[in-house]
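Both complexes shown next keep subunit A, but they swap its partner, so subunit B is in the first and subunit C is in the second.
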Partner chain A sequence: MTQLVLFNVFNGLIVGAFYALMALGLSLILNLSGVINFAHGGFLALGGYIAFTLVPYVGFWGGLVLAPVLTALIGLLLEKVLIRRLYGRDPLYSLLLTFGLAYILEDATRYIWGARSLPYEVPSWLNYSLSPGLFFLTGYRLFMVALVAAAVAGLFALLKYTRLGMRIRAGTLDLETVSVLGVNVRILRNVNFGLGIYLAGIAGVLAAGMLGLQPTIGASLIMPSFVAIIVGGLGSLPGTLLGGLLIGVASGVTAVFAPSGTEAVIYVIMAIVLLVRPRGLLGEEGRV
Partner chain B sequence: MINAARRFWPTVTVCLILLAMPYWMPLFGGYTELSTRILVLGLAAMALNFLLGFTGVLSFGHAAYFGLGAYGVGMAIKYLGTGTVSAIAVGTCAGTLAAALVGRLIVHLRGVYFAMVTIAFGQVFYFIAFRWNSVTGGDDGLTGWRRVPLDFGIAKLDILAGDKSFYYLVLVVFLAAAAAMAALIRSPFGRTLVAIRENERRARFLGIDVERHMWFSFVISSLFVSIAGSLFALLNNFVDPRVLRWDLSGSFVIMAVLGGMRSFWGPLVGAAVFVVLQDYVSSKTENWMSFVGLFFVLVVLFFPRGLLGLLRRRSSHESA
Partner chain C sequence: MGAPFIVPALGEEAVRIGMDNPLTGTYAALGANEVIGARLAVEQINAKGGILGRKVELLVEDSTSGDAGTAVQKARKMIDRDKIDFLLGNVNSALALAMGQVAAEKGKLLIVPGGHTDAVTGTDCHWNVFRVCNTTRMETNSISKLLFDKYGKKWYFITPDYAFGHTLQQGFQASLKKFGGTEVGADLSPLGTTDFSSYLIKAQAANPDVIILLHAGDDMVNVLKQAVQFGLDKRFHLAGAQQELEVLTGLPPEARVGSWVFEWYWNQPNTPHVADFVADVRKKSGGKVPTARTWFGFASAWSCALAANGAKSLETPAMAKALRGMKLPPEIALMPNQPFFREGDNQLMPTLFVGHAQAKGSADPEDLFVVDSFVKGEDAAPPVSETGCVMKLPS
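Right, the complex of A and B next:
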């Protein structure tokens, strides 16, 4: 029993790490540009599929490095051509546009790579179980957690210590002033969008290794990411991280006791948070 | 006087077009069921627009209440053996109650945050329907029930076999719902909603309880959406979890935007265009998702004010 609970807590933690990685990208874009990027799941799938195509040529590691970058480039392009036009308008329009993009991305992956589930090979030395008692601790899962942790640490370091990060943080608070101070806001938003998509790309490659690839892989991860942002608190990246891990572990634990409630439980948590603390766990006052 | 005429003629035109729809639709290659679908989804889009266009609140999760209405009907007929009319009542109650509960939790949120929370809450009901196999039929949907012929005592209306008689039943419900919404919009309550849309802070200063009004608006809008959902279930004689999913919510929003959020009949026009286009495209190609997605993008880029908004702007240019 203990082992079962441990297994599911750990599983939940991994799933939560995914949610968090997705949600952090969403949050970055939402905070600076006020756009809910519905197509985020589509970019995640794209990241996984691009890696799948690249792996035969550049190997697992090459795919892991290159695919998120390529995905981010596609993101930069789409921001430049489409999403940029909607900044400053009613959020309704960006929501609808990215909604349409999500459709197009999902259909495009289905068209290019087929609707069937594709296996994604990970290096065999990563697939070993670390100890016979804790059979679920495969190397790949630990590796995933480590990589997500590294990506999150990298993101927070970037935001805290670099000039770009400082500008993004400042822009989140008051974009107009940042613009007046001589920062090119168009480029800032563009780069920030790319950064968010880059995170989705990493999540995509990792998810491919764990779950295999399906065109709907992104659509199934986007809703929990929304919940992670709401639970964590709008405008707070640490909150988003916490929210993602929390709902991941919660659905992992629920899987032990009531398997059919694994999806519903995260919405229950969201309802409770909204009832008790409407701005989210770490959300700032007045940003709702 | 001029105002009254401006309201009168569009309404008469719409009524005439709808009354004759089953008869002219086949001329353009359509069929009666398609007409009924336009009415049902049009009602859903108009109900959403009560909130979106006339209160200025963006809900991206209305499929939840639409779907609850649909499941309410299916379950009432299947498990309780009720007639068609009481089934519609059950479905409508289910959707409205859920909306009242969810609405209470979220009315103090605004803008993007509100939209996001409505999307997320919509998914709860989807997962319940998806997972609760024994009652809802899970992913396969709720089958084994059909709409029940209406029995008025003196006369029977066979809405099961007769496509057209079902269409006219839906039309009656549709027109009643539309009239109720129009009356609400023109009432002092509706005017207050528009005031909140235009300037929430000022409305608050005038002593209006903004949260309460938004909650009412949310519940009323969901009430009409669940009526539409009930009709949708009857139309298909079938319900599956897709009627609860977020992509349908998005479709309602795009119908409202495409037709014109600022006009009363706009969403119906948007729904008609959307339904016909989807019917056509999905019969021609497997990649209909790309077309629908492209459609969303094009509407946002080129018709943000909607078709009727476009017409209105043109006519106001002419008169000026």
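Right, the complex of A and C next:
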């Protein structure tokens, strides 16, 4: 039993890292632009499908590099054409817009690539377990965790050490002042949105290797990411990371004791956090 | 009242078949294939003179994959506003049951192409509700002996948490008890679960002989793909009841493993008319072969025509009477033995295709299943007296 719980804690960390990757992109966009991007799952699916289309020409690694970039470009375009127009208004408007966009993206992938699952293959040397005992540590899952770690480190470094990152952080705190200081906020928000979608694109390619590539892949993965943000605390990227890992582990451990509750448990955690500490685990006071 | 005298005339209203099936969500792919089959059937029916001399039209509505409210509302709309003569649906067992309620209330003929839970032709049966696909119990009965004798008597279940999964598990549990085997564990996973790793970790710890996966659609793709990535197929036998071509084509080759039941398979070199059907469907689906779902839609729409033309009427009681006990002709059956709608529960008795998945077919990229044996529906089905169906026929 102890071993079972321990296995599930480790496994939960792997799954949680994945949730965190998706949630970080969501969080970036939410923090700077106040847009709750319900279409994030749609972009994730798009990332996976674009990679699937590219793999025959550029291979698995080429797909992994190119697909998130292309997805981000589509994100930039949609921000410019649609989402930007709603920045000044009540968040409800952009919520409704991205909610509709989520359906459009899902149906577009269904229309272009078909409703059936597609077999996304990963290099066979990644397909093995480390050892028969630790069978759930497959090469692919470890690679996934490493990539998530690299992406997170890259993101945090970018925010901390670059001019762009500094502006994004400053804008998150007080966009008006940043604007008055001469920063082009339109471009800043556009680039920031693209960055968030880029992370969704990476998550999409990774998910396609682990799950079946299907039009609903994004819709089924987006809710845990929202929960990760709320649990971790709005406005806090480290909080989002922590939230993702926490619900991953909770979901895994629940499977040992009450398997039908793996989905419910993450919402229970969210409810408890909202009741006891409404600003989230690492959220700042006054940003709820 | 006597039957109306039918005079085919120009401009006369078409006979309408309304299909209320998932086109979005988890079961979108399955629903879409049932539509393709029904379309082909309607074309053939029209080419052969239609229903009672009238042209046939197929209306299709999206029931969603899991929202019974939407499915019921669409069914009511098609009956009340579109004046359909027949109702077809649903892939999701729970939605099929809900549509059964509507059909019973409105007195419409409902043919369920592909919702498998036992209750549809069991405890919730209605005189005007017929089903083409197998019951879950027929599926488990057709393969359980083979699994027990060949792969071992300790079974672990991973089951989707809704009607379809529950009844499949009950079916296997009943067989296991009869044979004297052991259930070493059973876990329910929420419908639409993407990550099955924690369930698989638990299953392997119980050290079963067979891990039985009872999912459908995208859930089955996800659980099987992850089980194989963990190498569980090398240590245990993976098996289940219902498996579908839509799932196997969605998996990478190494994950096409395990023992399963297909309800229809396209590669039947010795069955008449199948090759023509495959060729016709390929023309409609961008070269893809028909799946069991395509056949369900095809046989269901054809059953409407058989019922009406047999009864010489579009009155539901007369059509239901004509369908009871009716055998499907070979060009519609497209399988060995002759399937028939059983009197007493209105359940079709098709042949089940028991076999195993294969990574790559030699003949065709979509030849991913090997049929090891054909099991007659009436041998797999429990007798009507054990289904729980108490049918009140209209007076």
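Following the convention adopted for this analysis, the second predicted complex is superposed on the first by the 282 of 288 C-alpha atoms of A that agree within 3 Å, B and C clash if a C-alpha of one lies under 4 Å from a C-alpha of the other, contacts with A are read in each partner's own complex, and residues count from 1 in each chain.
Going forward, a contact is a pair of C-beta atoms (placed from the backbone, for glycine too) under 8 Å apart; a residue touches a chain by one contact, two chains touch by 3 or more.
On a predicted model such as this, the values are computed, not experimentally measured, just so you know.
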Inquiry  = Looking at A:L274 after the superposition, I want to know if it touches subunit B, subunit C, both of them or none. Which is it: first, second, both, neither?
reply    = first
Inquiry  = Quick check for you: in the superposed arrangement, does A:L164 touch first (subunit B), second (subunit C), both or neither?
reply    = neither
Task = Would you check which partner chain A:E263 touches, where first means subunit B only, second means subunit C only, and both and neither mean what they say?
result = both
Ask   = Does subunit B (first) or subunit C (second) touch A:T138, or do both, or does neither?
value = second
Query = Looking at the overlay, what does A:P119 touch: subunit B (first), subunit C (second), both, or neither?
reply = second
Task = In the overlay, answer first, second, both or neither for which of subunit B and subunit C A:D107 touches.
result = both
Ask   = After superposition on the shared chain, which partner residues are touched by A:I74: those of subunit B (first), subunit C (second), both, or neither?
value = neither
Key: Overlap of subunit C and subunit B interfaces on subunit A (superposed complexes)   = 106-107, 110, 260, 263-264
Request  = Note which residues of subunit C are touching subunit A in the complex, please.
outcome  = 24-26, 28-29, 32, 161, 187-190, 192-195, 197-202, 204-205, 218, 221-222, 225-226, 229-232, 235, 246-247, 249-254
Message = Under the definition above, what is the set of subunit B residues touching subunit A in their complex?
response = 52, 58, 60, 105-106, 108-113, 115-117, 119-121, 123-124, 127-128, 130-132, 246-247, 250, 253-254, 257, 287, 289-290, 292-297, 299-301, 304
Key: Complex contacts: residues of subunit A adjacent to subunit C   = 3-4, 7-8, 11-12, 14-15, 106-107, 110, 114-121, 124, 127-129, 132, 135-136, 138, 140-141, 207, 210-217, 220-221, 251-256, 259-260, 262-264
Key: For the subunit A and subunit B complex, residues of the former touching the latter   = 30, 34, 36, 82, 85-86, 89-93, 95-97, 99-104, 106-108, 110-111, 223, 226-227, 229-230, 234, 260-261, 263-264, 267, 270-271, 274-275, 278, 288
